[in-house]
Amino acid sequence: MFKIVHDPISVEEVTNLVSRREAGAITVFIGTVRELTKGKRTLSLEYQAYDTMAVKMLGQIGEEIKNKWPDALVAITHRTGKLEIADIAVVIAVSAPHRKTAYEANEYSIERIKQIVPIWKKEFWEDGTMWIGDQLGHAEYPEGSPSKEE
Amino acid sequence: MFKIVHDPISVEEVTNLVSRREAGAITVFIGTVRELTKGKRTLSLEYQAYDTMAVKMLGQIGEEIKNKWPDALVAITHRTGKLEIADIAVVIAVSAPHRKTAYEANEYSIERIKQIVPIWKKEFWEDGTMWIGDQLGHAEYPEGSPSKEE
Amino acid sequence: MITVLFFAEIRDVIGLDRIVIKKDQITVLQLKRYFESKYPLLSFDQFMTAINESFVTDEEMIKDQDTVAFIPPVSGG
Amino acid sequence: MITVLFFAEIRDVIGLDRIVIKKDQITVLQLKRYFESKYPLLSFDQFMTAINESFVTDEEMIKDQDTVAFIPPVSGG
């Protein structure tokens, strides 16, 4: 249910992992490469992961969800390597008998991914590159350092 | 972007309608036919719609979203007719630059569908049938009338 | 002449999905009372009403050529 | 011997994705100080640390055969 992959992600494949007769709601989050962040144009992205630990931490998120929402079922696939604009970086699918749970557990998953899963994003702009979260800043910014994503 | 259909819904097709370079997040809600509701076994469902008005009201939800979240883009397809367990009844896809908006606008859509869109669900059980929301009750319930969905 | 559309349990009870009748120049409430007298099993107070695909209140006047739809509590999604 | 893994900007600065060194029986903090002395461009205080794929604190003792990973602020999703 928890994967780090190098090839393009099939949304349908991740969704099918959580489909079941008990479910009345499936929520799917698709994280895509956005062209503009705070007015700055992204050309492409590179995701790097500590693969084995990332899979382990995704599984931990699954355990956390099982404790908080016992009737939710979650599957997560994150892609690494070079991605272009509009490419899919991550897909999170959650099924549950009721929709409230499916929304909550899904949003919880992406928040936790951004906290504990060892995956890093490098942005490529026309005027430089930077690992997001990085303090060194291998690029110049018109308005100071970009803040952490969202 | 807003459709009432009789044939099975392609999640991918609805999702593609909102995919764009400005998006960093796409949320998809898939409403499926659940087997059990409050311990009662559903055999199948039938959805009936006031088709033209339903499309119009889905469009109104789109307008409401445009006002509340100007950078969100929404597409909704609802199926009518006879559905079996695990079949998809509705797909809502929302894209936005940031994920918070995509989650909020998506959940707003399903809540509004359940308030203003003229679509009705008839449940078929082993011991009867009933239009959900119906006060007449063409079926017997072990524990009184089922409450409105979720 | 007006067209009246029936859905869900209303359609099941009345046995028709629509009728065309000469009932213009009355209010929605008066039309509801008319159908209640014909179909005492149905309590029209619980139904919303749309005229030409827009929700209206019970005070709305129905005009010639209007399409009136009674909307039971919806349950889509 | 221990294996130390580098990711993201740490990997870019050091130019390696891993090294194997004889640095067991010291704490995580001591290992951080060691790398800071070799790579003054990197401030290891901002990095989390994992031993054998579990997050640990700076006080954790590193044992022979451990795999240590420095985890810059993550930015997946």
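Worth pointing out:
Letters are used for the chains, namely A, B, C and D, taken in the order the chains are written, and counting of residues starts over at 1 for each.
As a convention for this text, contacts are C-beta pairs under 8 Å (C-beta built on N, C-alpha and C of every residue); 3 or more make two chains touch, one makes a residue touch a chain.
Not measured: the values here are computed from a predicted model.
Comparing the centres of all chains, each the average of its CA atoms, the largest separation from chain B belongs to D. Taking each chain's centre as the average of its CA atoms, chain A and chain B sit 25 Å apart. If each chain is reduced to the centroid of its CA atoms, chain C and chain D end up 72 Å from each other. Among the residues of chain D, none is found touching two or more other chains.
Chain B has residues 31, 110 in contact with two or more other chains. According to the touch criterion at the top of this document, the contacting chain pairs are A-B, A-D, B-C. If you check the complex, the residues on chain C that touch chain B are 5, 7-9, 11-13, 41-43, 46, 50, 53, 55, 69, 71-77. Partner chain A is touched in their complex by these residues of chain B: 11-12, 15, 19-37, 85-86, 95, 97-100, 102-103, 106-107, 110, 150. The touching residues of chain B, when paired with chain C in their complex, are 31, 47-50, 52-54, 56, 78, 89-90, 110, 113-122, 131-136, 138, 148-149.
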